[in-house]
């Protein structure tokens, strides 16, 4: 009996614990470059967790995570930039013809304000957008495209406002910023940010796990399955959806905050349409609805990308493309999802399992392309 | 607001009209139902029965007319989820459940409907858990409690959906063809169940199975072309030549007579 | 050519002797300088994404130079080992790859970047790790990092003469500014506007198109309304193709409304189609047609390596001779250590007989002295020189020697 | 007045281009629930088909200027892109029906591969397709304003494609079969429809249309490996704004975006114009949450 | 006409059907009964080829069709009215009906028109609403449409999964009469899943009762053990 319990505990927490231990120990065996790279990938894993929450569980495919990530990153980068400029006007403002610091930059001299803004602004934006969008029952692809449009709009806008945002360049050259009296780039600070990222990842993971394990999480799944039924059970889907949307946005923003000091640059290209799609790809590769899958997917795809591009700089995209195709065909539920289902599948194979022949597949349209198709006839 | 002449009406509809691109699915419908009543609504395919339920649950907003629930809720102006909280629960014509959740989780989701996001983070209170157990027993899904609802057979889904409503303890239960696809024995059980429920809440059942209607209904409303054709005790209604003409059919009537 | 600095290794010292800015860089240098019989050099360009259309050829040219050098005995007797990384048209990726090349691979130098945005992204990395970047593309100036050598033009070597040509030679009294929406065009246009004011020329309008934008009908209508005498074009990349095609379709010709471009070179002309752009002007420091013996050899070598149908262009040439400039510096320093190389450059004696003519590294700002050439695109897709500064123009990235830019440069530079 | 006509024309022209790039996507997306992220790359394939035709066939077909090769390239681009699309459907997409997200992932991968393949085959720099001489110039509407023949040609081509698509979808039994399969694949096969064949042809049609778009776009835009990426987001915007699965909606949405963009851009700048259009799309979807012409069932 | 030998079907690992033997003789109406969830629908889907068999064989008109694709079976003369209607929601009623001709390649134009008129007279509401988008029909109307769509091409084998669900009594009567008429003419074999025992006993000529994936009772109108059947159908 006790043994069983232990086995279950290991099953539930084993891989997570091992992962965390490995990550915490990473500074001991990784080179400086690889450590910074891993830190960056871990921030991606954080984004993926938030996306998994809203998409894997709640069924809302947000193509706007890049936006929230970017806003978080910009918020903190503004502070770092002011720090790095040492009281002078940031360089890009000079060469864009500004003479003094714009008013909305002023409060970002305070790290507390910057951090708060970096978290709250994306949350607020998600809240407002979510409220209107969900209230008018925008669903499925329509939701995806709205979030994508907002992402595109913001990144174009950021590019256009060079004097205030650094334009295409983004905010860079943060090297001389000081964190607790140390230069941003000094090894202890970098290590600190790395560890902070690991801790944040663990925290976000536990939060998501708690949320999805509770009845709230099951209600999210219910929303994904049949929003009408949820409404006609007496819940206000708008409120539930806004809550997760805001949460996932703030998780992405947190990742942005951790991204900037490690990578040293944030630019509109990191918050645009393509990165937002890539975030979806991470979760899909790892396995939707399995939080660990989101983490694994983000790490694996990022490493794959980095490995392929280092090994075959001229044609690496072919390998990356093949990786996506392969993972879809070999791991239909994502890597973690499929591995979790493996024991069952093996059993099934041994007993010559028949499979549905027609095209009728899983009953969970992730994007309800035509929401009306799936809707039950009342 | 319509005058509530009879304080005991749980439901009062006046001159309700619903049209789709000019086609009137409900056409100036007047309808009343008293507390504690087990009311059956029948009528030809396309008569507007489902549309009536759509109106009562806020899914469809009528172009004209007023709907008053419980003597105080203006149904046409209240959001759907709020109507549920006020006590109107509905079973859809095709079973509508959450296929990814287990049977138990489906019921749990239904039971927590009055809780906020924070409340949903905690456990379900024991009282409601008990209620779920009770209902599971009632609909004989106990052995299936841990099964993913998506794999249930059609009839089992019907039962599950009904169970989800029962745990909510509504004031008014709306059922759209609840016994479709059930064997006679199951129909009888359902009928008994409905009669039992009716002691605690009002029930409005849409059904085509005349045998079921005869066995369990007292008062029957007949809709036709979006209007009230007739209303009254079963025997009277099924003898009404208009009902026979548009709904029951002559030979069937002959069979019954024989 | 380029013998002035050869074997002048007397003052060189091992890298470790220098107080390097950070340990990883020092480690990198020791790896590059002493380990084995090769010297690792990095190449960092966009090989995928939208910028690949331009940057892949520069990578090719850089590789060509490395091969030539290796065939001739290498640098300091060691062969160069190129490590290629793809910046993927994404600035943070550039930053990461730069870090990887310096920290992980320990390269002695990196040749790369095209857009100013990518340069701005890698700059802090090079400064932090004390790496060395050779940047081969014209840009907006106002920068002089000790860790970067600029082998392309800054504004006084391209943009300002370009505007002068429009006004003085073509008699334009009203000029329309058209650019992509990013830092180079916007900053360049700030300078141009000051220049126009100085010259008393009307600014007919100013428009920016998102990078990659391909729809110009409305902008062309606006140009039509504004009726300028000439257009100064700082569009980058694919947008140029769309603009010139649609510009021609709207009925404009080089005779009715000439366009001066600063980011359209031979390779872009081929993508645009000579029939769509012939007769318009460009400002650069080099053309495939530039008449020097070095260029003849270079064009022949480039075509031999990559195909008869390939063309050379200014950034390609700058990407090519940058490697040779570095070789000159290293050989003068007798070391590949960044500080030694920089010190060698500060001698002011680093020159190279490049295809465009003799280029010289300015000891103060690490830009190159270059001849300015205005060209006119011909029907065959090549560019004919129509004006030249004759001698190499001294680089002045902060516009310090230009009176009308005084206020501007003050505001712009730090 | 002339300027006004020109602007209206510009709007319609932009709309027609948007429609052209989104029609194929609407096919795969609206009808098959397949999110084809490689759609842009099929546009690119069409453009390169035109390039290859110019290189190989123009000399034999009366020279580059005569443009006969270009007319031939349009159906050829359709065929090549359709064949590639058919191949992709049978080898990949087929296994993913009902898993729209997996199709997104897989087709995204295919897009990467196609882009890189183009770069490897044709080189990274842009290539040029010389347009036929008879498409040079434009119709003079006075005051020096020209309506370029190329844009008129594209508008005409789009009209042709739309009519053909309409007839195919709503006036042929093949079209009805297609719609039936897309709405209920299992039931369609129960009624005797060979749904595999229908799937493959539908998908191929969609990518074929992308090929046509690519071919036409060589007239006014760049031809390079990343050509598709310029259009893909706009195409998605159009399809969704129109209402997924609705041909009239797609047409309306493309025109609306085209005209709005042009008008807004005239009053502001290209960047602000684009931002405002996106804002308008967002606001509009609030009001009509399933697009302009959403299909209604209960 | 139709024969099933030792048919077994799994969903994933769980066996749903076990060793089913079943025959539908030519021109007969065979009724399949059983409580909810015993696997009736699963059996119908397997016959139609929508589910792969784990083991066993299906023969149709003497040919082994076990591995035929669904559309192939349809073309061979299988007609299927699924539980839950399976209409095409965005096609009009008329187009839905035309889809019924898909498998009937050899029907001439006139023949088709006659068939259309025939179902119209059987289900007048369909004629009335023929230009409506099918998804907006009421539940019972959709059921009528699904039924009509299959009848229209006169299949050799008709598989009906609770076809009367949601249909008003008068039309149910007509369906009953129709089935009886078809049986009379003997040109169509029918496998009917039906919960209304009376209805089934009325129209059927042979009966099977299923219990958790297996046939537990069978017999023709003469020797069918109705009492036992009622037993099985009770909970």
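Chains: A, B, C, D and E, in written order; residue numbering restarts at 1 for each.
Convention: contacts are C-beta pairs under 8 Å (C-beta built on N, C-alpha and C of every residue); 3 or more make two chains touch, one makes a residue touch a chain.
Worth saying up front: this structure is predicted, and the values here are computed from it rather than measured.
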{"item": "Required minimum of steps from chain A to chain B, each step between chains that touch", "value": "1"}
{"item": "Chain whose Cα centroid lies at the greatest distance from that of chain E", "value": "C"}
{"item": "Most widely separated chain from chain D, with each centre as the mean of CA atoms", "value": "B"}
{"item": "Chain centre separation in whole Å, for chain C relative to chain A (CA means)", "value": "37"}
{"item": "Distance between the centres, which are taken as Cα means, of chain D and chain A, whole angstrom", "value": "31"}
{"item": "Separation of chain B from chain D, taking each centre as the mean of its C-alpha atoms, in whole Å", "value": "48"}
{"item": "Rounded Å distance between chain D and chain E, as computed from the means of their C-alpha atoms", "value": "43"}
{"item": "Multi-chain contact residues (two or more partners), chain A", "value": "156, 159-160, 314, 317, 358, 360, 372-373, 377-378"}
{"item": "Set of chain D residues in contact with two or more other chains", "value": "115-116, 183, 186, 189, 195, 245, 269, 271, 274, 295-298"}
{"item": "Overlap residues in chain B, where contacts from two or more other chains coincide", "value": "50, 93-94"}
{"item": "Chain A to chain B touching residues, read off their complex", "value": "210-211, 214-216, 218-219, 221-222, 224-226, 228-237, 239-240, 243, 363-364, 376-378"}
{"item": "Of all residues in chain A, those that touch chain C in their complex", "value": "31-34, 36-37, 40, 88, 91-92, 94-97, 99, 156, 159-160, 162, 167-170, 172-175, 185, 263-267, 269-270, 309-310, 313-314, 316-317"}
{"item": "Chain B residues within the chain A interface of the complex", "value": "50, 53-54, 57, 59, 79-81, 84-85, 89-90, 92-101, 105-106, 108-110, 112-114, 116-117, 120-124, 150, 164, 168, 176"}
{"item": "Of chain C, residues touching chain A in the complex", "value": "24, 47-48, 84-86, 88-92, 95-96, 99-100, 103-104, 115-117, 120-121, 123-125, 127-128, 140, 142, 181-183, 186-187, 190, 208, 210-211, 411-414"}
{"item": "Touch list for chain C against partner chain D, complex", "value": "47-50, 52-57, 181, 207-210, 212-215, 217-219, 221-222, 224-225, 238-242, 245-246, 248-251, 267-268, 270-273, 275"}
